[in-house]
Amino acid sequence: MEETAGEIKKIMYVNRKAPYGTIYALEALEVVLIGAAFEQDVMMIFMDDGVFQLKKEQDTKALGVKNFSPTYRALEMYDVEKIYVEKESMEVRGLTVDDLIIPVEVKSNEEVTKMMGEADVLLNF
Amino acid sequence: MLHTVNKSPFDRHSLERCLRTCASGNAILLIEDGVYGGIKGSIIEDKVKDAMKDVKIYALEADVNSRGIKNHIMDGIQLVDYSGFVDLTTEYDKVQSWL
Amino acid sequence: MKFGIMVSEGPYTHQAADTAYNFIAAALEKGHEIYRVFFYHDGVNNGTRLTTPPQDDRNIVKRWSELAEKHEIDLVLCVAAAQRRGIADADESKRNGKDADNMAPGFRISGLGQLLEASIQADRMVVFGD
Amino acid sequence: MEETAGEIKKIMYVNRKAPYGTIYALEALEVVLIGAAFEQDVMMIFMDDGVFQLKKEQDTKALGVKNFSPTYRALEMYDVEKIYVEKESMEVRGLTVDDLIIPVEVKSNEEVTKMMGEADVLLNF
Amino acid sequence: MLHTVNKSPFDRHSLERCLRTCASGNAILLIEDGVYGGIKGSIIEDKVKDAMKDVKIYALEADVNSRGIKNHIMDGIQLVDYSGFVDLTTEYDKVQSWL
Amino acid sequence: MKFGIMVSEGPYTHQAADTAYNFIAAALEKGHEIYRVFFYHDGVNNGTRLTTPPQDDRNIVKRWSELAEKHEIDLVLCVAAAQRRGIADADESKRNGKDADNMAPGFRISGLGQLLEASIQADRMVVFGD
């Protein structure tokens, strides 16, 4: 799989959608897990409704679908360590970092702009 | 008349359009990503509170719980299960889905 | 009461198919009648027997098929929408000159008139979509 | 097809989506055309981005899809005569009735609320 | 960096989020239902005009024409065909799609 | 330049598949290389040969197949996404215990690694979705 070794790209996963209402969040997470094998310089940004993916206390029993939020806790083991949440997106939704299932770095909108500018590839979900 | 809203108010304008168009005495049921419209402390809270003077607002419990926002739902929004959803559709004369 | 249901999105991608299913199951539980479930737009994708969801996930298509069998529910895929999206029973497949079909058991393919008729006959029409 | 004769229901087609970006507008129109055979009391309301369905001067050549806007002109022949457009939806979008491909009745948001209340069935697209 | 926006600003918040997040010197290409964001006289016009001080805004001609809004597009928004779309993606170093 | 493309929605329902196709055609016309088109989420529905669109409409699936043949483009359907949605080639169909397959010519089914690899190899990655 590592035919691509030598080239290290900054890949930014841009997560802007809420979980469960649509499948994008779940399938984006699958990309990130598989992507770990490629040993690139990856980061995940959660902004807009994407911040809801990290909400604590998800309980999907009555819905009858799998709760995939614990998987975010496993990201560390996959060496996905750069996990950012946009400050303004949380504020608009009445959330704080205490509401999130994993520790994240909070970035202002201005910082998000800068980070996007520094990435080589943006994958949008 | 029962209105269902299934989209996040932070992503789409459907909740606002529903709030503006529903009649006094109607009911609104927040389902799927629409349940985010019931969150305390969000920028949409005041509009929802204001609407609650004229319409009853419900939220589907399975969707609230799965999104981990049970403790964030505004006072006055009543949680219902799927059976309660069915009851609402029979109690009101028709359903408008704000897709 | 008699319910007519329209499902406008396919399985897994949008929650509409789940919500519709859970609603219908609850309605049947309470003794209501489901006059028809009409699958329109991408909703026709609920009717393919070729899905293989992960082991730990719900099987949306199979769930529909079982519901139809257990409660004799009329599950109708819109023919025009199904043609656009590649859902066909044996007859449709033959008529369209295809070499395979993929419709799941418990569904049938018919025209948009079935949606209108359900809207007229049912006491309540409920639309689940995106 | 007319086994349902005798029962006349007020059916309201609620059109809230723009054309071409998604297929809902086109497939909704197919429902209305088929529905004409059922001889019910039908009306169409165009609101929110649905008003764009009726925009004049649609030219889909470069897009490579069929321009279905002329079909709205045929609605009259199908005895679909109650066609309403919400005033506020046009205003928000900088449109007036002069921009529309067919004559319509303009209704205020308040009137739309009332009409919805009087319908027997709402079909949402 | 090139941003694409493919949703109507009257339905979704993606154009506003893009306008707020894009950097000075970036470009924005309106495609699909995103072209409605380029309409004159709409409630979004001022925000788009304001953004045009810092970023160049384009709209995909095939999408503009199909929606019948060629004569409604704001001054300063440049129309491009698919070939022009390709050129923009090569001219800028990467693409952010505001899905 | 070398382009990687991701298509996240199915044919007809959303415009993404049309925009992606028109973009790719224009890029090829200008002499660029398309390293890969990766179909993810509902995008895998672009790869079913069972569609029968109306006579006066474009045939989105056939258009992809012809493009792949003419320009030798790598059209990859994500295997996990395809299983969920019922898109299968003969091998997949057999592996999943199905009695039919529906993949169109010119496509192949493979893993998510193909998306990552395209992102790394391509000079530009462009995502088309909803």
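For clarity, chains are labelled A, B, C, D, E and F in written order, and residue numbers in each chain start from 1.
One rule holds for everything that comes next: a contact is a pair of C-beta atoms (placed from the backbone, for glycine too) under 8 Å apart; a residue touches a chain by one contact, two chains touch by 3 or more.
For clarity, every value in this text was computed on a predicted model and none was experimentally measured.
Colleague: Spelling it out: a chain qualifies if it touches chain C and also touches chain E; which chains qualify?
Modeller: Common neighbours, chain C/chain E: A, B, D, F.
Colleague: Report the chain whose mean Cα position is at the greatest distance from that of chain C.
Modeller: Checked the centroid distances; the maximum from chain C is E.
Colleague: So, what's the distance in Å between the C-alpha centres of chain D and chain B?
Modeller: Distance between chain centres: 26 Å.
Colleague: With chain centres taken as the means of their Cα atoms, state the distance from chain B to chain F in Å.
Modeller: Chain centres of chain B and chain F, defined by C-alpha means, are spaced 38 Å apart.
Colleague: Considering chain D alone, which of its residues make contact with at least two other chains?
Modeller: 17, 20-23, 48, 63-65, 121-122, 124
Colleague: Can you list every residue of chain B that touches 2 or more other chains, as numbers and ranges?
Modeller: 6, 10-11, 13, 32-33, 62, 81, 94-95, 97, 99
Colleague: Quick check: what residues of chain F touch more than one other chain, meaning two or more?
Modeller: Correct list: 8, 12-13, 15, 22, 41, 57, 80, 125, 127, 129.
Colleague: Name the touching chain pairs, would you?
Modeller: The set of touching chain pairs is A-B, A-C, A-E, A-F, B-C, B-D, B-E, C-D, C-F, D-E, D-F, E-F.
Colleague: In the complex, go through chain D and note every residue touching chain B.
Modeller: For chain D paired with chain B, touching residues are 14, 16-17, 47-48, 109, 112-114, 116-117, 119-122, 124-125.
Colleague: Hey, which residues of chain A end up touching chain C in the complex?
Modeller: It comes out as residues 20-23, 63-66.
Colleague: Touching residues of chain E toward chain F in the complex: what are they?
Modeller: For chain E paired with chain F, touching residues are 6, 31-33, 60, 62, 81-83, 85-87, 89-90, 94-95, 97, 99.
Colleague: Which residues of chain C touch chain F in their complex?
Modeller: Where chain C meets chain F, its residues are 10-13, 41-42, 45, 48-54, 57, 61, 80, 83-88, 93, 96, 98, 100-102.
Colleague: Could you list, by residue number, the parts of chain A that touch chain B in their complex?
Modeller: So the residues of chain A in touch with chain B come to 17-22, 48-49, 52, 55-65, 67, 69, 92-94, 99.
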